[in-house]
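There are structures below to look over.
Same chain, two partners: subunit A is paired with subunit B first, then with subunit C.
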Partner chain A sequence: MSLDREQKEGSEVLLMGNEAIARGALEAGVRVAAGYPGTPSSEIIETLSRFSEAGKLYVEWSTNEKVAMEVAAAASFAGLRSLCVMKQNGVNVASDFLLHLTGSGTRGGMILITCDDPGALSSVNEGESRHFARLMEIPLLEPADFREAKEMTRWAFDLSEAIRNVVMVRSVTRMSHASGNVVLGALPAAGGKAQFRCDGPVSDPDRGPMISTPVIAKHRLQQEKLRKAAALFEDSPFNTYEGPETPELLIITSSVCTLYSREALSLLRAEGRAAILKLGTTWPLPPALLKKHLRGAEKVLIVEEVLPFLEDQVKILAAEQAREIGIKTFYGKNDGTLPMVGELNPDLVAAAVGRILGIVSPAIPAEYREKLQSLTAFVPKREQTFCPGCPHRASFWGIREALQRDSRGGFVCGDIGCYAMASLFPAAGFHTAKTLHSMGSGTGIASGFGKLGPFGMEQPVLAVCGDSTFYHAAIPALINAVHQNADITFIALDNSGTAMTGFQPHPGLDVNAMGEVSPKVDIAAICGAIGAPVVTGDPFALIETRETLNRLLEEPGVKVLILKQSCALSPENKEKKRFLVRVDEALCRGEACGCNRICTRIFRCPGLLWNRERKKAEIDEVICAGCGFCAGICPAGAIRNEEAANS
Partner chain B sequence: MRETLAKDPYNIVITGVGGQGNVMASRVLSNMLVRKGFRVTIGETFGMSQRGGSVMSHIRVSPTAVWSPQIPKGMADLIVALEPIEAIRVLLDYGNPSVRVLVNLRAIYPVGVITGEDEYPSEGTIRDAVAALAAEARFLAATEEAIRLGNPILGNIVMIGAVASLGVLSIDRKLFEAVIRDGMPAALVEANLRAFAIGQAAVA
Partner chain C sequence: MRDWESDPAGQESGRGGQKELEEQVLGAGLCTGCGACVSLCPYQTIYHDRTVVLHSCDLAQGRCYAACPRTPTDLGSLRSGLYNETDCTPELGALKGFFITRTTDEGARRRAQHGGTVTALMALALREGLIDTAILAEGGEGLLPRSITVRDPEAAGMPGGSRFVVSPTVAEFNRICLGNAAKIGVVATPCQALALAKMRKWGHDAASYPHFREVENGIEKLHLVVGLFCGWALSWQKLAALLKKKTDLARVTGMDIPPSRYHTLEVYTTGETVRVSLDEVDPCVREACRTCGDMTAEFSDLSVGSARLPEGWETARSWNQVIVRTERGMDLLELARDRGVLEFRAAPEGNLEKLKAASLGKKRAAASRNGKR
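Presenting the complex of A and B:
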């Protein structure tokens, strides 16, 4: 059902945007691909890993985005085509290296693919990676459909080799995770030997060392490369114009917003009144192309997600060209025509175009709308929560009990992964997790809190960190905490994989992205080597977890507790039940218990229901994953575990 | 060989709860339509929504054009709900007087219902509401049928079988078989074919 080796050149197949990007890289002859998992980008490396083969295509999940970019850069320096992939905030992590890479330049074509998440559908930020293209002075391409996602990715390697610098390709969730028809092109035979030529002078782009100095000369050269890209963009097939030559309204757009803009004009039947200038090359903008189309319109609407990046650049060009093209009225984000936050959709764009052109969007009949409104009241909201059988729910329950017993107002510094849900939805983490920022930041923040004792802070400080996050960014923070003698309890929630994004391997596992056996890097050994005392436990062993934690909370300095239990959705656990869990109705005292329905009201596992008619707890056997943890939280002992046959 | 459609684009929403096989259902149906020669766009939200949240796939089918991965509000032609309350949730945003709706009656309670904070409407209430809002409404016990086949997740394929029987998309068992034989381990094909046939029969 997904992109595979069997599909023939010329066949038209349904590909996810991320698969189309991967296919474009394969058709360009990419040899090295590296990334760090992050929604909505992960399927690019996953797809490429299925095509990996020793000596032909090397694919890795790196420990973080900066390392991924460095790995890809090395391949480029050795003359191979390479790419690195990350979600929007991953570019922040890689940006220090990127600044220097853009100074040194590249050899084999190298592209940076970033997948932004407008609307933060799967993120805790609405970061805009496009600004990095301008900040780092490198070209930016944005595909508007699935066919283009493939073609543009393929061409980005040619562009990179033409200007000898890294090229950025930006997708968004609604492109990366949407699917559409793509016609497959030919896959080239892998060729070219890797060799890093470095015996020439620093001024020799083919044989010199790869460094960003002398800074002024290299910076000047980098800007020349950017001007060359702008010249190539003037007649790029990725920039298209559709609609009347002198429209009442010119829409300038890019990415998936192109599809929203087309749909908006179709909804309003305004195709004859408005034109769309769709830009695939969004930085640097090609000035002559913009001048040609700005000339024909007085009103200009810029449609883009999230911040007014394109809008600002178009306005700068229009100001520079004002004498030739005349004064324009601009609509977009700065004037509030379109929202400055969140993702767009066809309705938002149609409403904006409708207001400018004075067209009313077709509406649902009033009688039907009233029927709908009468129903809104009875649709219960579906709040997100940990999966049935999730070890994180058990870990946070153990933390909750330990903090209650400790009673000094202790709290958890949260981090990025499924367990971020504990911070995002307080009830899911039993109101223990109180901060949430970037990868590894929980540990760094805890390190800071852990030094506030002399200022009178008496609350115990805990940090949680998933296994993949540990390798990504928590290690420097943990070293800091040990060296500064901060008072923190560091809890590694080790569920044996990058669960949030689909079980990508990480350095703690004995397999890599290509399916090869790889050396494991042990979390406990690292923590021990840093100098922290380490305890390892099972989150499903509630009493042991609680007692260990209560002991650690009393001790000064950095203490490490590793709670190890594989994810309930992991391939080895899926559809297997350790226990058949039942509620013994004779023992469940229901509302008379005095526990105030702790099992359903507080514990909130989707597999454990409150039966309103019978006023008793019960297990939903289809949903229950059989972890058996809830048996330990019932004060009446009414939840019973039986060993399951298939365990 | 390009077939005609009742509408261009024809807009389908497949909805359910994370873990019900929503994404698989949308892929299978869309692959069938691509083989028919249509341009198909699927818009999906996964990631965090996999973890027990509402999941929705928008499928746009057109003889000629690539449409946006988001259906405009009020413009669904067919809603396939793997979970009953999700049918209502989607109708609120994408419903219109001519929409067709297929509903799997197996409820998956939101956390708020489990905890007793919220109430889940009765099956009768849901049936009445969907019937009042749709030009055609069909209700299936897809999960129960799938459990009888040995795996509740096959409820998604039972629902796709039901879509085939509606007669709006000219898709059949042969086309379904071709798609799943290409994309699925051979051991799973038989159960999927049976699930599809059960769905077809339930609506026929």
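Presenting the complex of A and C:
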């Protein structure tokens, strides 16, 4: 079940964590929501967009997280409740603005929702956004279940208005993407009119200009707000204690780690020996609450993801209160009781608690382990690679051929999007992409490489960049490359949408998050205006792509190639096949010299199968997207494209 | 028999695949750019005049390695399989006859590099149905020649002219083999002729190449190899860089090297003739050519080169010298005489000996290079 307009107040519905967060914002009367797509955060804006309505709720996918935060801040300045949403590294992008926003303060309740990805399940980093709350001196809330995700989000707006500053709500993948029952609350009537009052003195929080100066005065004020938040946190219902008053071990935890801790104590049957202090308000910590519970325990284990954020704060408080609460023994990340990288799980927590309390962890029953092993034999082996019909596979095939022909050791600077797989899984990108960092960084790095010619570097430098990434962060890097006269070939892999995160619209499309018609911003026109020569091609036209690239690689300066072909999974391509692709077995050379399975060994589109018995290639008609590109790589002409009826 | 060139890559004779080809030939700078490993499979291609590996192939044995003229080759058994042993000479390979010829078509002669013998023979072979398809090198764009396939005798009559840069003729042969041509004639440099000879061997000896049998290789379609004398070929990239400093590359119409005492590469352009000292040209020679001891395309049916005559270069440049090696070659030359396509003149005293000495000189230089490697 997902959240919809028809669900009544008081009904209990199964919601994904991100939907619960969105519902909390709706119940708080949010008026403006902005974000940039990024797993595991994207469903929050997607859900809110379904509730968007002119004058009641404005929702946008912004070009990047910093812009999203600025858009949300404007609504707050105009007295409306607003939120911005991003994944962990999005906060890095927004952080420059956040530093100044927390100095100026806010008016209408404004929250920053960040969904972190411990274990980097859908990321190329394991960034910890919680540290930003401390760095920027704003309150931090962490929900531990789905009900709380909704309630905490709703309350975060009240808190923001109480302290006149941004409040950060931090979720994690296992919270955002898991589901649980939530009782719906009332949706408020439409709020007041948007107006930015700015005719008062700078010291007037209601009518003054919104600026972070005078810095010292504003900074002092900001810290007073933080103390006020800490005071409110002392008796917050989001902080709970369960277990004996004087436990052998006190577990202090937050977020989904609360669930892992409960499960671990249950596994070990240690509920009578250990207690759990579950914190929903993790920065700034409420000192009195901590003092009360630390007093009763000698041993303290802090369970959290990923870095020892809570652990450090608890230790500081414990040190400050040592005279009253006594000396404690701490367990956590710093002493290695729990790993400082990756996700936690109940087994890891149980093992840690078992070690501290001297309980032998119950091993996984033999029967269960055997069952697991017998089942895993049935799981088909799948490599992470581009989808059938993905234009990126064709683009990298063309890039590979051009670079091999060029023979100067050229390489691709990768970037963030589906095409990051070219860097992550070398076979997927035919061993062309060799760097991968943050959004837009491929172009910036290429710009730097492109100036190393005088140092003897002879390798051609390419950068790839998706369409959404282009708007997000590549433009400044491209401008830099042009202005510095760097020798690079910039390839925009334009698949007409933010494909990796679920096809959210971006400025290159004529529709926005609310489904309204929006002006398109043209990549070629931007590149041309920057001053780079632009060639546009179709990645499925292999020979043209290859020839164009080889020509561009010979030319100095910045050259732009836009390879445009919509994603195979895009709504307009779904269920449609351009070609019915067949293999003529009589022509297929299979493993013989002259082919050696280039289609299934090197090209490796999942739509191509190798029949081990017949020693011939086959098409998996169920998943073949019908792009027909493989017909062009078969040396024997055994792969045939027939015009499909629905093309 | 272990010839100077039987093991140019310095490896024991053996079989290999792409990996060995990369290690022993491409990576070792021994690739001639002949194209033998191209168009057989999707893994290698020619870009400009370089052989490029596009993707890796993990077969332990490949036709790429087997056909390459720079992988270990038992030249003795190759020669005895294709030529009459009594014809074989140590200096020039099989030798049935030695002739001085030129085309009787004066217009063609004016356009030809030298005596126009090669184009006349290929056109004749097509006209008479000895072959139905001819693979020739043609001046492509810039300094880069290309291999072309011709079925029309009139088109074959258009002379090629040398750029001293290799064209991937064997790659074109491999490509054409897959089509419906039945009798193919090829104009080949020594390395290309050797590659074709190696392919003929596996055509005859399929049982020892189990990997190749599943694919029709088409080598039986090869009906005529006209060899070209060759001192060396130049790297396109290096030559282009050199000539760019001297003239506008777009205006280059042809090139030639007069007899050795001039020590000059003549570059003909639409405006003037640019003379470049061979000292400047020498660094542009492909590394692979420095270890090649075959000057006269010994694995052809007949080989053609520029003539040396007592009257001097201006006369000699409009004649060719021809080494006939096989019955087929002899039949073609005699047919050319009968049809009046070629004009013959007596070979001057000592010409064959001079050619043998020159050929031996190249073998010695290559052997000394190979010794140093």
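As a convention for this text, the second predicted complex is superposed on the first by the 628 of 647 C-alpha atoms of A that agree within 3 Å, B and C clash if a C-alpha of one lies under 4 Å from a C-alpha of the other, contacts with A are read in each partner's own complex, and residues count from 1 in each chain.
Following the convention adopted for this analysis, contacts are C-beta pairs under 8 Å (C-beta built on N, C-alpha and C of every residue); 3 or more make two chains touch, one makes a residue touch a chain.
What you are looking at is a predicted structure, and each value in this text was computed from that prediction instead of being measured.
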Which superposed partner A:633 touches (first subunit B, second subunit C, both, neither): second
Contacts of A:598 with subunit B and subunit C, given as first, second, both or neither: second
Of subunit C and subunit B, partner touching more subunit A residues: B
Which superposed partner A:405 touches (first subunit B, second subunit C, both, neither): second
Which of subunit B and subunit C A:589 touches, first, second, both or neither: second
Shared contact residues on subunit A - subunit B and subunit C: 601
Subunit B-touching residues of subunit A, taken from the complex the two chains share: 1-2, 12-14, 39-40, 121-122, 145-147, 173-175, 177-181, 256, 259-260, 262-263, 267, 345-347, 350, 363-365, 368, 371-372, 375-376, 378-387, 418, 421, 427, 500-501, 597, 600-601, 604-606, 608-610, 612, 620, 622-623
Subunit C - residues contacting subunit A, complex: 40-43, 45, 47, 50, 52-59, 61-63, 211-212, 214-215
Subunit A-facing residues of subunit B, complex: 17, 19, 24, 27-28, 30-31, 34, 39-49, 51-54, 66-74, 85, 88-89, 91-92, 95-97, 108-121, 125, 129, 132-133, 143, 147, 152, 179, 182-184
Residue ranges of subunit A in contact with subunit C within the complex: 400-401, 404-407, 430, 550, 589-590, 592-596, 598, 601-602, 633, 635
